[in-house]
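Chain IDs A, B, C, D, E and F follow the sequence of writing; residue 1 opens each chain.
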């Protein structure tokens, strides 16, 4: 874990994470400068690919936000490349079993903890030639829990060495469990299921992280002692903001 | 002028224009779908170049917003290329004299009105082989009035045949006249100078357009009978929105 | 299946599919406007990657052609991302077993039919917030049958729930079965093998689709009651067309 | 003039030129391999900008076609950069006076003939450190004659030292002279005007070049002893070819 | 194996391989022109993705260097696409077992040797329609040996039909075996382990290749009869060279 | 002038400037980290366009080097955009008269000193909302002296208010004056002409800057009290370095 994450945990405050889905270094730099603790480049559902992500990592480097990335899938090639490019953490989609969690850890950690291939081109450039010595300690590795299978395997997943924590994706979780991709669920069963992930994760000494769309929901989750909360993506801020401008223009008339 | 512009004028309503500075077809499509009448791709102060603009024009084509562009400068090469790519109007920076206004018109209009070179590759693709016959009528041509020189030459500029109207850039206007780049000026002199442009333009039967940052200011200008008001850019919506999310996250705690 | 596919089937007419291998939104928009029912962005053998595909999907959105995509491989990450970006169907290479077909369906269908992760960024933008409710019904999922193994497993593949049909790649099929990558085979054995795929698919109530290079061969296959025929790719049209121009120039002399 | 141009002139054969408007190294390489003597990257009406042009020059380098470029406008910055990137000739739009022709030559020729700035990065890479010594001799410089003003100034334009010839753009020519942008004019006046350019150019010992859309028209012009004829662009080949495929598919039914 | 590889082997000389990690056709063309026998585009640790690689392959085509590629991972999709784009060999990371070696060969060889899918778009463009007939013979396939697991399975890996040889990555090798990612190891155990790979490979009639950072180390390995030695990457040359310029500037003072 | 420039002048040391011609954020970040005082993105002879330059500015922001840019030409559109994107200085090619120098200053300075249009999107993002208040003071503006005309007009050029200094381009200078584009001239006349520019510039209280290829020549010029010396470009370092690696490989054998 990087310093900001340790610090927030020491303060008992949730890490506040921003989210990037637009493939542009400009929007990334604007977002990253707003003051998030960490900011995640989403290569899974975002319209972002590796060349975009590299430019975005360079852009975020101009700010104080710690850059994380969500890869397209739990595949070692892209995960390792994002780390080589300077991402300081991975939020990996669809980790449904301990085996998949081990596969994730293997991609993120150098031997002997994992099997990350050596060649941290940009990471060494910005962090120095000794980067590899502290990489295993500093890189944040979160497994997304977002299906019934993952919920069933949660204990085993949490026991995987080298995993820092779990990250709940409520939309997929709701779709898998209850047929409803609700990102900020009001269904009591969904709320309870999500809460159970936090409890188990924290009981196991791991980080409990959760995706939210709104600041208010993120705040509520932080109040419930989640360690790491995402609040707000560039695309949502842009679409909501544009709608709000037009609404205010019309209302004001 | 395109239909939406004629229609708004017939309704006595201001055209509501959105603004794009992020070089991405994704942010462009999100913004354009929000409901602006027109949306302007800014190649002058936006971080956008021609290849970005082409993708953005294709993205905007998926929405009902009419695409306009602000070129890097009053140069025929890029203006013609933006029109060939499907932009339906040009907001040209720094038109400070009748000669510069004629240069702008020459770049935007086919002979005999102007000297636009023939080769509307994408424009013909999307509007049909007859595009060129109605292009002179449909393309919106606005000259930016943003310096003391432009103000002094305003009558001559407004008399230039083929110019549809003028577009005030209050920041440059304020910087040139009063040393203060205020985008939504409160200085009475600035307000009066800007108002005088509207009055002269409308007296000459031309469109009076004005740049604003906020929806509220845009609304106020629409209330003052400006024909065309810009309200809100992608970068401002994003930076304000991100700041607001973080603020609300902290406040809620 | 999208409307155009249902409609053609109701009419008893083959779907006519175009093919894109050039990584450009401009060539995509030109091709898509020509009048194909569907048009496929080829990320497998085409020189196209995800950022290109996104621009191409935006370009195709300006036309009436339904956009499909062939992913690089049967991997969930890229398949899901193409669907999130607005592709309305997947033609998946090298599906050689029922297990691989199930893997494909899992990537294309939301729960409970599959395991597609939720986050249809651009798809929701263009189709509305309810996109996910009809996505499973509208997304076309075709498995490519192009090896002996696939032929041997065809019955099991066709029985996989959630698969709309199969798509024969004659070149790979011929290479695998007879050592000859003939795209429009004249070898009777190859013709018979290909025909057997159509018969089995249609007997199982599935779509039978086939790749062709020429319009004439596509027409012949449509005459043989294939449901979906590809005819003509951008690269072939371009290389043949250029050769023909030069030939005609020389001949005319 | 490069060798291929000298050779064709010695043979009494017209140079056959292809035309590129799609911003892709892939389509460029496919087109260039078809067998044109020269191939022109169009940055004026094509949807191509400098980064695309650089990739396209690298792609064309894999073929035997001599790469030329049409810049966005008669501006030294872009013209010099295209030459630095390896373009071996410039077809410059809208040269309407001797002064504009001298401006063009100044941008294309090193001192003492012109004012081309020294820094042939890629040109030296591919042609060797001595490139600059023969550049003035090898670079082809053609001024487009496409307006009444250009026609009126033709004698002075042809007298400009360092200009290799003139290139007629019939569409703009027709638009400027007769209000009709006909690319392959049938109007006798247009035909005569165009022919007069060829006669004057050749009488002055300069290359007479002409734009055509079709191979047949190009052949006809070659028969009339034009030195250099363009026939066929990537976009036209693609749109015509796609339409033809669909037509043949439907007809064959 | 391509001609240059056969030729060097016949001469008893090591193949000298350059290495590309910067995503640019310009740096690729500069590097490739320097005189390496082969040059490898690194998509694993390099900051290069497929669209970059395609431009780089086109750039390298302007030189005499034979283009190879290292894919992101041992995944068929990207490997096949690199070959379709014209790469004449694959250096595949992290081949740790005979099964993984077979998977690699399957991706690189057409049937009946492997399962490479047919569609060599650019490869056929540059090598002719018969490319596929000699592709299996010409394409170089090297498996990277860089872990203890790979070392343990070396005999089985070397026995895999269709594999041309093995390529040692000393950094990963050292990290896996001795906890030290030393690219040019001085540890006797590491030296011995690496030497044992060469001996076994050559005993099995396969190519023994090794990664080096410096020319001097590459020379030493060539002296030890390695068949193929990498010496020097663009990023290392650039960072060392820049440091050296600044050093010399300061020293000279 | 930015702090580093003031500081070096106070120390009596020359500013050491690096040079970027490769269009990549990766090579830019590697170069910029090497320790140059300033680093210049070359859009004139470099293969770099605006979108590349923006990414490169973001990359350089991760280092301590001060980013400057050389625009394609003395045109306000691109110069202003480079400044808006965060370039902290402009080295403008081909300033041959006081009028051209005033045109340059007008593009670089806000009113009342110049006519730079207001809209510092990225510059305000990284330097704060007050950026515009100190921009005129901090932005470095250097006019390139590289022709006989410029030499003849030097006194008038040096008298232009708002110009910080002049930058000699020896290659163009030599080509214009003596027909020899020697970047590090040995011809006494060239040496004397170049020295005269330094003397006049410094006598006028302006910065005297000079382009060099090698560290040694840069050191020599620094020894002659030039204020600002360029030494080493990415392309030269790369091509020389690659040649040196191959040479050392062969020599060592």
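Everything that follows uses one rule, which is that a residue touches a chain if its C-beta (ideal position, glycine included) is under 8 Å from a C-beta of that chain, and two chains touch if they have at least 3 such contacts.
Just so we're clear, the structure is a prediction, and the values are computed from it rather than from any experiment.
In summary, the interface at D-E recurs among the listed pairs C-D, B-F or B-C; the equivalent pair, sharing over half of its contacts by residue number, is B-C. The chain with its Cα centre farthest from the Cα centre of chain E is B.
The interface with the greater number of C-beta contacts, when A-B is set against B-C, is A-B.
Computed centre separation for the pair chain E/chain F is 39 angstrom, with centres defined by C-alpha atoms.
Centre to centre, using the average C-alpha position, chain A and chain E are separated by 34 Å. Multi-chain contact residues of chain E, defined as those touching 2 or more other chains: 21, 23, 26, 30, 33, 47, 49, 51, 54, 75, 78, 121-122, 125, 235, 239. Under the stated contact rule, the graph of chain-to-chain touches falls outside the line, ring, star and complete shapes.
Every pair of chains that touch is listed here: A-B, A-C, A-E, A-F, B-C, B-D, B-F, C-D, C-E, D-E, D-F, E-F.
Of all the residues in chain B, the ones that touch chain F in their complex are 21, 23, 44-47, 49, 51-52, 71-73, 75, 78, 93-94, 146-147, 169, 171-172, 175-176, 179, 181, 235, 239. Residues of chain E touching chain F in their complex: 16, 18, 21-24, 26-27, 30-31, 33-36, 47, 214-216, 218-220, 222-223, 231-232, 234-235, 237-249, 252-253. The touching residues of chain B, when paired with chain C in their complex, are 25-26, 29-30, 33, 54-55, 58-59, 61-62, 121-122, 125-126. Contacts from chain B toward chain D in the complex involve residues 49-51, 54, 75-78, 80-81, 84-85, 110-112, 115, 117-122, 125, 132.
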